[in-house]
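Please go over the structures that come below.
You will see two complexes here that share chain A, one where it goes with chain B and one where it goes with chain C.
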Partner chain A sequence: MSDYAIHVEHLTRKFGDFTAVNAIDFSVETGEVFGFLGPNGSGKTTTIRMLLGLLKPTDGTAHVLGTDIRHATRQFLAQVGYMSQKFSLYSDLTVANNLRFFGRSYGLYGQRLQQRMEFVIELAGLGDFRHTPIHELSGGWLQRLALGAAIIHEPKLIFLDEPTAGVDPVSRRDFWELLYTLSQSGTTILVTTHYMDEAEHCERVGFIYNGDMIAVGTPSEIIEQVVPGQVIEVHPPDALAAQQKLTSAMRSGELAAHGVNLFGAAVHVLTTDVASTQAYLREVYGATYQSMPTLEDAFIALVQQADHANGGSPVPA
Partner chain B sequence: MIGHIITIAWKELLHLRKDRFLIPVFVIGGILELSLIAWATGQPIDNIPMAVVDLDQSPQSEALIDALDASDTLTHKQTVSSVDKVYDLMQRNDAVLGVVIPEGYGAAVTAGERPSVRLISNGAEAVQATEAERTAQDIIFRQGMRDAYHMEPADYESELPKVTVKYNEDLKRGWYTLPAESGFIFYIFTVILASLAISRERERGTYEQLLVMPYRSIEVILGKALAPMLVGTSLFLAMMGLTVFAFGVPFRGSFILLLVIALLYLMAEMNKGVLMSIGSRTQLQAMLLVFVLAIVDMIFSGYAVAVDTMPPAIRTLSNFVPIRHWLIIVRGVMLKDVGLSVLWPHVAAILAIGVVYATITASQYRRHTD
Partner chain C sequence: MMLAIARKEFIHILRDRGTFLLVTIGPLFLMVIFTYTLTTDVKEAPLAVIDLAHNDASTALIDRLDASPKIHVERHLASADETDNLFKRGEVVAAVVIPADYGQVSLTRVPQVEAIIDGTEPISAETVLTEVYQIADAHSRELAGDALQSDLFEPPIYTTQERLYNDALSSKVDFYPGLMGMMLGLPAIALSLSLARERENGTLEQLMATPIAKRALLLGKLWPYLGFGMVDVYALLALGQWVYDVPFTGNLLAYSLIAFLFMFASLGMGLVVSVIARTQQVAVVIAILVFFIPPFFMSGTFFPVDAMPQLVQLEMMSLPATHFVTAGKAIYLQGTALRELWLQVVLLTVISVEMLEVSTFIFRKKVVGGFRRPAPPVLTTKENALS
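Moving on to the complex of A and B:
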């Protein structure tokens, strides 16, 4: 267990009759970037809050940095960082004062505090805004500042809850660059997101859906297991009608595929029999494009399986 | 430990400094309120409107009316023909006192008697009515002594009861109200500030961040308490300064003693504020709780209604309200020059209430996360 930064067994949390997190199991190795994925309301934040000792589990156990989370001590809290889904900085205070407060709260003073503050200010690119109240700053900067504040005390493990929600794509990419740098220096990172393109950057991912952990593994493992083969993409004039038509073709065996998904104006057909599927699709829709399945394909397939098992409730996302 | 407390207190003071509203309102509002009360209670109660029904119309009855009118307290507004007319005037608030002089008053006085004069007072204006009644009785007595018995004050005053007023020699209302009001002002502002301390974090979503920082509950609570304490103490000094130097209420006892007790008192009230803060989701909720509790405090304080006249159950309850003890202490020290040997039960009560609040607050702080 000591090699795991996080080790979770049957972790469960109920709110009244409602089960927000349903007996999930997973582990995060030390130094790993672990992506915790799932649509809104699937239980990501609830899980993180339990792992931080903010919420008592209804059942199950979890050890974080070797500490049983039911007894989260101050020594434990000093070693973790948390960037919550809500805005967690003090908007009326300046950049420098926010960082000073975070640093001092973790016992940083004097020279060391100055060094760490400068590090974060540089990381967030806020050199010219030290004395600006942060409510005057905009999205991408705030995100980086919040990350910086969460790591000012050099935690061994950080929890980032939807850190890139509502941030433009360029800022999102910069943000992930930062995470890599951090990870390189040995920090373990658990990050939640519902952007599947981001999830491909993670070393390992866990899919949570309606409180159930429906898959855990490396992105390539999951893709291989869930959506083997390739994706053939077509761009029909009416994508929705085409998806319905191809789905029934697949069910009747006419089309040798195991998944037909809507991707905006495109339809993705998953298949291991590339040649015959391509031929079938060319005949109907003309041009086809071939690609490797993505995590998003895998996620959609997993959600369909889960819903099917549950008697076919509608797919969100 | 100390470093952590100071860090939180420092952050709280930064919030206050950034707030362009709260502190100016406290300072200006406090000074304004106290000045108005000082001015209002400093005004003598005089020129109370009086209506007269003179059924005698003799030189003696006219002399009595003139004597009443000559006093500062009463002003002869109208002469009417019947008691019903007096009631009419009272309904329209044109008279607080009615004086009915009976037929045959003049003849009786000439014969050496002191006939009864009827007074009607408007109880709806209780303060003025009491004052008017007291003055009218005194004047009617003296007038009777002079006109019926031909006696001057020097002849009978030695037989009247001798009254000595201690501590507030001239019975100035300001000496009673101002120390109490300044107590209310610095107390309410301190509790409001304290009540915002944690609800502000909840409302803005920073509370969870605070909870995952390696703080002990007691460090957060003490840190959060320090800023309101500083503001409260400053307000206490300002209000006391005004009360004594601007409004002339004497300070006869030990200032250091009162200051130390004030700190204990503020600590108790402030813990109450922090507790309400923990129980609230938003700053507005916290404020409303403060106001509800302030009204209860007002009632139990003994300021509006004397504690000794309350029903026994309420009197017992009032012991758990810190401001009741504070009012006794502040009057004791300022006006009566008494010290701990007399006041210790009240100081002990304040201390005990403070400890109870602090304990509850510390035990509640972590629980309220979801």
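Moving on to the complex of A and C:
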């Protein structure tokens, strides 16, 4: 267990009769970038709050950096960093004031505080904005500053809760560059996201859906397991109608596939029998495109399975 | 770490215009408004006169009444029948009937001056009544002395009065130290808002993930407001001394100590409010109910505490404003020594410690395990699940 930065067993949290997190198990190895994926409201934030000791679990256990989170102490908090879902910095304070404040909150002072502040400002490229009140900064800068504030005390492990939500693609890429830099210096990172392209950058990912952990593994493991074979893409004039038609063809056995998903104006057909499926589709829709399935394909398949097991409707109204 | 919080909070106060005004100009501004509007001093109260005598003596009496700064003779009536209508229209608050035999001195018959007052204007009417009584009484003694050709005429009983402190019986002097208790509630209201604001902005959750102790966080937030509060104390004292002629007679150091303890205690209550309230709206409503209204009614500023039911008196003992008004007024107006006020010092200290502990306790309880049920899950169609 000591090799794990995070080790979770049957972790459960209920709010009244609503189960936000349902007996989940997973582990994160030291130094890993772990992607915690799932739609909004699936239990990601609740899990992180429990792992930080901010929220008591209803059942189950979790050890974070060897500490039982039911007995999280201030010493424990000094070893972890947290960037919460909203950009939780003080908008009326300047960049330097925010960093100084969070540095002091983590017990840094004097020379070391100065050094760490400079390091973070350098890392986030905020040198020109040192004395700018942060409400004047745009999303990408804010996000890098928030990351900087979360790592100012050199934590061994950081939790990032949807750090890239609402940020433009270029800033998102820059942000991930930063995460890699941190990861290479040995920091363990648990990051939640609902961008599947980001998830593919993680060493391992866990899917949480309606409080259940429905898959854990490396991206390629999950794809292999959930959506084996290949994706054949077609572009019919009416994608929705085509998807319905192909789905019934698949159910009747006429089409040798195990998934038909709508992707914008395209339809993705998942199959291990590439040759016959391609022939079938080409006959109906003309040109087909072949590709490897992605995490997104896997996630859709997983969600469909979970909903099917749940009796159709994914959400109680 | 507590210092870091205090420093940050100080910058917030300086940067946020609303908070800044609330803790600086706010108390002074409200004090100016209150001292202008809240007065029980009667000036030039309108009076109706029904002169049935129409002689030199009655004219002299009317002149004297009109000359009093508290009375203005508004109307001359032929009979008392019209008085009621004037009361109903609010034109006068009292009427005086001077009998036809006024000024005729006789040992067998004493002419009676009758005063009719509007009971719905008790403060003005009672003041007028007292004034009319005193003026008529003095006038009648003069008339009697003149008639008997003697200045030896004296009534059998004569009362004199001597007033200690506040000689002019000015209500402003009486209210001022009490009003300070109310005005100094403003920093506590501002403090109540600040934690709720952090909760709304999500910065509280971020703070909870740092190793800052809960008590240090709360105390750190309290200090800057206490600093501004003390500045308000001295500003209000200066305002009283030089603008409103409410002379400070006591020991400034003793007063500062009492004011410091009071500020600490009421800011402590502000912390309790702020750990309970989820949003700023809730915080401000509770804060007004706690800091503004009870001191107004209950701290003895306007209504005597001794006359209240015992349960209410007991409840008032738990309000810092009560003790501040008692002790502050004594030092301010009477120059009472601090050792006479040890009870208030002890009580304010006890309330301070208690409030800090209570707020820390609730804060610990609430934040750990206090997050609300998250928003319901969003439908996992491709568009919103996987954007």
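The criterion applied here is as follows: the second predicted complex is superposed on the first by the 313 of 317 C-alpha atoms of A that agree within 3 Å, B and C clash if a C-alpha of one lies under 4 Å from a C-alpha of the other, contacts with A are read in each partner's own complex, and residues count from 1 in each chain.
Here is the rule we use: contacts are C-beta pairs under 8 Å (C-beta built on N, C-alpha and C of every residue); 3 or more make two chains touch, one makes a residue touch a chain.
Predicted model only: the values in this text are computed from it and were never measured.
Aligning the two structures on chain A places chain B and chain C in clashing positions.
When the shared chain is aligned, no partner comes close enough to touch A:243: not chain B, not chain C. Once the two complexes are laid over each other on the shared chain, residue contacts for A:271 go to neither chain B nor chain C.
Annotation for chain A, partner touching more residues between chain B and chain C: C. In the superposed model, A:45 makes contact with chain C only, not with chain B.
Once the two complexes are overlaid on the shared chain, A:195 sits against chain C while remaining clear of chain B. When the shared chain is aligned, chain C comes close enough to touch A:209, but chain B does not.
When both complexes are overlaid on chain A, the residue A:262 reaches chain C alone and has no touch with chain B.
In the superposition on the C-alpha atoms of chain A, the part of chain A touched by chain B in one complex and by chain C in the other spans residues 49, 52-55, 74-75, 77-78, 80, 82, 84, 86-93, 97, 101-102, 104-107, 133.
On the chain C side of its complex with chain A, the touching residues are 1, 3-5, 7-8, 11-12, 15-16, 201-203, 205-213, 367-369, 371-380, 382, 384-387.
Residues 3-4, 7, 10-11, 14-15, 18-19, 204-206, 208-209, 211-216, 369-370 of chain B are the ones that touch chain A when the two sit in their complex.
Of all the residues in chain A, the ones that touch chain B in their complex are 49, 52-55, 74-75, 77-78, 80, 82, 84, 86-93, 97, 101-102, 104-107, 109, 133. Against chain C, the residues of chain A that register as touching in their complex are 15-16, 18, 20, 39-43, 45-46, 49, 52-56, 74-75, 77-78, 80, 82, 84-93, 97, 100-102, 104-107, 133, 194-196, 209-210, 261-263, 296, 299-300, 303, 307, 314-315.
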